[in-house]
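One chain, chain A, links the two complexes that follow: it is found with chain B in the first and with chain C in the second.
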Partner chain A sequence: MKDKKMKNKKIRSRSAKQVSFIANLMCIILLILVLVPVLHVAALAFSRGTAQLAGKVYLWPVDFQIEGLKMVMTQTGFLRSLLNSIYITVVGVVISLVVQILFAYPLSRPKLKGRNFLTAVLAIAMLFSGGLVPTYMVINGLGLVNTFWAVILPGAMSTFNMLLIRNYFEGLPEGVIESAYIDGAGDLQALFKVVLPMSTPIISTVSLLTAISYWNSYFGPSIYLTEGDKMTLQVFIRNLMADTQTITEQLERTEETIGLLSVTTIQSVVTVLAAVPMIAIYPLCQRFLKQGITIGSEKG
Partner chain B sequence: MKNRKSKKIQRKPISKKIKDTIKYIRLHPTLYLMLIPGLVLLAIFEFLPYYGITIAFKDYNIFAADNPLAAIGASEWVGFANFQKLFGSSDFMRVLKNTIVINGLRIIILFPIPIIVAIFLREVRSKKFMSVTQTAIYIPYFFSWAVISGIFNSLLGSYGVVNTVITKLGFERVGFFQDPEIFRGVLLFTDGWKSVGYNVVLFMATLVAISPELYEAAKIDGANKWQEICYITLPSILPTIVMVLILRVGNLLTKGFEQILVLYNPAVYDSADIIGTYVYRMGIGQMDFSRSAALGLFNSVVSATLVIGTNYISKKLVKRSLW
Partner chain C sequence: MKKRVLSLILVVAMAVSMLMACGKDNKEDDKAASGTNTQIKVADVKPTLKLLGSSSTADLNDTIEAKVIEEATGYTVEYHGLPAENANQALMLTLANDNDYDLVTMNQNQFTTLRANGALLALNDYIDAIAPELWDCISEDAWKGVSDEEGNVYALPKLYSAETEVASFMVVRMDLCRKAGITELPTTISEFKNMLVTLKNYYGDQYIILSGPYNPAKTGNRMNIPMNISSAFGIYNDWMVDKDGKVIYMTEHENFDEMMTFMNDLYKEGIIDIDYASNSSTGVDEKLASGKAIIAMNSRETLNTTFATLEESGLTENDIEYIGALHGDDGTCTYMQTAQYGAFTGIPVKNAKNAADSIAWIAEKVKNQELIAIGEEGVHFNWVDGYPVPIQPKFTDERNKSSSLTHFADMETYQIQFSARLQKTEIMWKAYTNCTIAANENEPEIFVPAYFAYCNSETYATGNTALLKSLNDYIALLVTGQRNLDSDMKTFNADFENFGGEDMRKELQAWYDAAFK
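Showing the complex of A and B:
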């Protein structure tokens, strides 16, 4: 009996060692897989073009330079596209939040009449998409092409995010809201003075989700914002990857950069610059989006 | 109880119901005004395109009127001619096959990875190392596909660092973005690179909710670590696994559009063109509106069916559903 217990203990400690070894090894492999590509592109952005062409750059800059950064900032459409992206993101988040909060609140009221109708409308919208070509025609037909509205408005009423907000509203203590009404508050007052102050977690989560999706979106801006000065950051990067001709010509025009910068250096600088805002807001993302995931999974 | 309730509802006359509704609207007019902005946006950008779908059954001529929307009404009906042409074309079979193969591989290969990672991440002894890893692998989820294309361009391009290493080792350069078969691998790898961390967080959220008492009890019963994983951890997250898997199957035809649009090039159209990218190129690139709207409609109908079907299975199987 005692022997068996000892044996069990032995197996236990051996299996614990195996599992912990695999777990640690797995973490190391994952860290390498995630960090190496990011470090490499950052190293390229600050390396001399000739070092890059010779294949000498790995994870650290070789023959350090910041001319690439300067050139991207001053001589390309980078700043313009950055400002466009910021504008779209800020206006987009504000409009989306207003529309979604205003929609979510009535839907969260327990006695609302007409709820079945609204649910049906939302279900149809979520399930069945009009498709790319018909949507394009509507936006084109409304004359929105080459205005920022073409990329801000279509996504502003995200049914998924609106339902996240509504679910949160429904989870708030009904007694508090009810008593506000008894004290003579109207619907708007109840929403803004009672419900919203209790809802900061979901509002921050949804703002962040919305901001990321506006900031990162590529397809809409690529077909609706075709004029050069309306280009967004993501479209700017993608064009830079696909069309190396323009950069090559620009590099050849300026003498002092010959050898110092290569096409890849410039591409890497832009990639790094576009990644920086995401890394900067990352701590926020981690905090709020975990909340979002838990909220989503509880209700899901 | 339930019976009585339903009877009560039946007994209520419709006229009274309408009266109640009107009374409620009179009492809370603002609630209904609040719905207007959202409804207007849905009407314009979700439901107005439904009208545009009719061009799938027409020979759409964008110049039939002075506005692309008005031109829809002015174009001639052709019945199912667009669909006949579409289903008979070799392009259709090719993009349908690509869509199913690429997105099927995503499920088969990429779906299990975050589950395995989450399970083992839980077993890492040093909490600090665990949270550092979790934090680091979550970052790529926030990068756009354009940024990711920039990163992997410099890594996997013809003269990228991976090819430098390959040639130094004495092998031939690999055309990661040119070889049709290898490019599918690139699609899978970059998708995994972007999304594994996010899915790990998703599964970890369920993992931390497992009661520690279960593990204590197992320890007392003499279970070893492997048995703990097989008999406690896995069964505990099974409902989440089934639910996420079912969602993935529901997205089979639509996933990967923006990724492929950003990463691919004409050299790999044969193996990487999916329904979404093909509709885009044909519809907006070549202005073959009617035929691409027909394919888009096919895509929407099949997708909606898949989502409803998989949701039904999820409800039956794990008692969880989207609605």
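Showing the complex of A and C:
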């Protein structure tokens, strides 16, 4: 009997190892699939244009140069568009959090009358939008075209994120919140001094999701922001991919610059630079992202 | 996908209906704005103009070129840009709603849609009153394409920088040709084939003998068959006119089968790049630059970087030559003029209050065209043999974005001024000299009028891109033998019908009869 148990344990241990090995192998394959194109673009960004054109660049820069980086930083609208995107993302995340938390908290309170109706209204708004033309007319009517508010405000209220926060709030120990009210706290005090300090995982998760959404948004900025100094990074990148002639002519500045850079190297530099902020932030928020979504989904 | 297409259709439909409403509501305003010549005058104090243009990677307002224009014209202009993607939606939404743009720069499709919906102001009276000299800046045909049947002009068109450029050519590695015993460039299609066969016999599979096709973004060939090869077969465009004055499509030309058989034979003999059907222009560039190809279809856009790469492997300018428009064995050579629209600048009906000043601004730019386009002599360029040679890096630093800020030009002088951009390097100028200037000086008769370059009929303007793509796919498959001339022509003819080919033919025939008969 004991031998049988030992045997079963060994089998389980062996099969666990096999599963672990296969899982690790799959992760490594996935990592390679994701990493190789990224490394290739990074290598192109810092390689000499002629090396790129001759097909010599794979995963490591050939004839290393940083002139492409200098050119993008100093002779294009990259920096301006980067700052614009950072501004929209930061302000957008703050406003989104304020709006969504203030919406989610009352809905999470069991005593609120009509909470199901309000939630249903929000769900309808999530499923059916007003459409592009009416939305544009509203934004234009409010005088928001060519202001960052045209991009920030329509994305401030995400029903999905709000429901995540509400579910998380509902999962908090009711006794702790009740005790705050018994001690004389008002709604805002209970929210800011008791509920929010216990909700950092979901706040971080929603912040990251919102930040990614604002950072990657293309359609809104492309429609509402036509002034050159308000161009966002995503619009800049798309314009750069289309405007190869201007880049080519810029590269022909002197005999020395011809061959040093190519259109592909410049496009690669911008692609790498645009990815850096999100790559830098993501690891910091990753554990909250996983935790927050899991906890938020327990109730609802 | 269906949802996206449906939403796009709805958006465009709503925007168009709004534009139509705008057009109708403003008919009276339009008339008032047009007025008579005596009522039209520029404002006492020059207003700040707002222009909505095409996409850019920089804020044009901050450029040296914009400041030069401001000093030269006396007008302050705010430049706004449409995005590279969603440009149509952004433009329609912007113009359909309240906006204060004085000028708007459009592509062909956008212009056709806005004009058809009455969203653009008729400019004749303004040009007559403010700057009648603008009428002489471009040809009568070019004006026709931006006019309605009554002759009302709705935009100032920016034309392609050269009217007769052999923009489609082939780059030849002469160092490799000389080793194979070839010292002379071919001028006829038979000589060309002999050259290719000689190279194949000498090098075998060591090199790609002929790589292509090449479809650059701005210049040169739009076809999957190079126009400097099709020239030898009397074929010069997708739409052509036969000797009886009838509009025909490329596939209906008497020599189309012969041309495709010629190309397919080269492919079967292993002379044409095995990737012909899937090559991108960048891929062709890379094959030439990396030394894999001996001859490659090309255009001037990326020539400098390609040559710089070859130079690093020890090649000199003498090792590179160009093959321009080839002749048939019977002397046939037809190459279509490169005349075409680049962009259209119009005035929205809804905001015509600065229309007179907008025209005055354009006119001032034309008056100062040389300064704006290529700068000051001795500072930005020098005249050499009648052509402007740029002084680098000053020219690029201070005039690189001039073409983005050119909305209308006196084409006779602009063609010469634009050539400064081709003289930045010897290799680029050599290509232009050997192919374009030589053809213009020695055999100007090869240039066929670009009959339909300025055709503004709606079906053609909006539908030909899809038909052309279908033709290009068909040609690539014929070259590589994946389609057969005898059995697959029916399939293409069905596509031709589906894309509105017959409707286009009727429109083009009417255009040709009116403009050229």
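Everything that follows uses one rule, which is that the second predicted complex is superposed on the first by the 258 of 300 C-alpha atoms of A that agree within 3 Å, B and C clash if a C-alpha of one lies under 4 Å from a C-alpha of the other, contacts with A are read in each partner's own complex, and residues count from 1 in each chain.
Basically, a residue touches a chain if its C-beta (ideal position, glycine included) is under 8 Å from a C-beta of that chain, and two chains touch if they have at least 3 such contacts.
Every value quoted in this text rests on a predicted model; they were computed, and no experiment measured them.
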Fit or clash - chain C, chain B, common chain A: clash
Dominant contact partner of chain A by residue count, chain C or chain B: B
Contacts of A:229 with chain B and chain C, given as first, second, both or neither: second
First (chain B), second (chain C), both or neither touched by A:53: both
Partner chain in contact with A:137 - chain B first, chain C second, else both or neither: both
Chain B versus chain C as contact partner of A:118, first or second or both or neither: first
Partner chain in contact with A:250 - chain B first, chain C second, else both or neither: second
Partner chain(s) touched by A:182 [first = chain B, second = chain C, both, neither]: neither
Which superposed partner A:218 touches (first chain B, second chain C, both, neither): both
Chain B versus chain C as contact partner of A:280, first or second or both or neither: neither
Contacts of A:241 with chain B and chain C, given as first, second, both or neither: both
Location of chain C clashes with chain B - one stretch out of 271-279, 433-441 or 505-513: 271-279
Common interface positions of chain A, toward chain B and toward chain C: 53, 55, 131-133, 136-137, 140, 218-219, 223, 235, 238, 240-242, 264
Contact set on chain A toward chain B in their complex: 5, 8, 11-12, 14-16, 18-20, 22-24, 26-27, 30-31, 33-35, 37-38, 40-41, 44, 53, 55, 57-58, 98-100, 102-103, 105-107, 109, 111-114, 118, 121, 123, 125, 127-142, 153-154, 156-157, 159, 162, 186-188, 191, 212, 215-219, 223, 233-235, 237-238, 240-242, 264, 267-268, 270-271, 274-275, 278-279, 281-282, 285-286, 289-290, 293-294, 297, 300
For the chain B and chain A complex, residues of the former touching the latter: 20-21, 24-25, 28, 30-32, 34-35, 37-39, 41-42, 44-53, 55, 67-70, 72, 117, 120-121, 123-125, 129-130, 132-133, 135-140, 142-147, 149-155, 157, 159, 161, 164, 193, 196-197, 201-202, 205-206, 219, 222-227, 229, 240, 243, 257-258, 261-262, 265, 276, 279-280, 283-284, 289, 292-293, 296-297, 299-301, 303-304, 307-308, 320, 322-323
Complex interface listing, chain A residues touching chain C: 49-50, 53-56, 75-77, 80, 131-133, 136-137, 140, 145-146, 218-219, 221-223, 226-229, 231, 235-236, 238-255, 258-259, 262-264
Chain C residues within the chain A interface of the complex: 7, 10-11, 14-15, 18, 52, 55-62, 78-86, 89-90, 93-94, 96-99, 217-218, 282, 285-286, 289-291, 301-302, 304-306, 308-309, 311-313, 392-393, 396-397, 400-401, 404, 421, 424-425
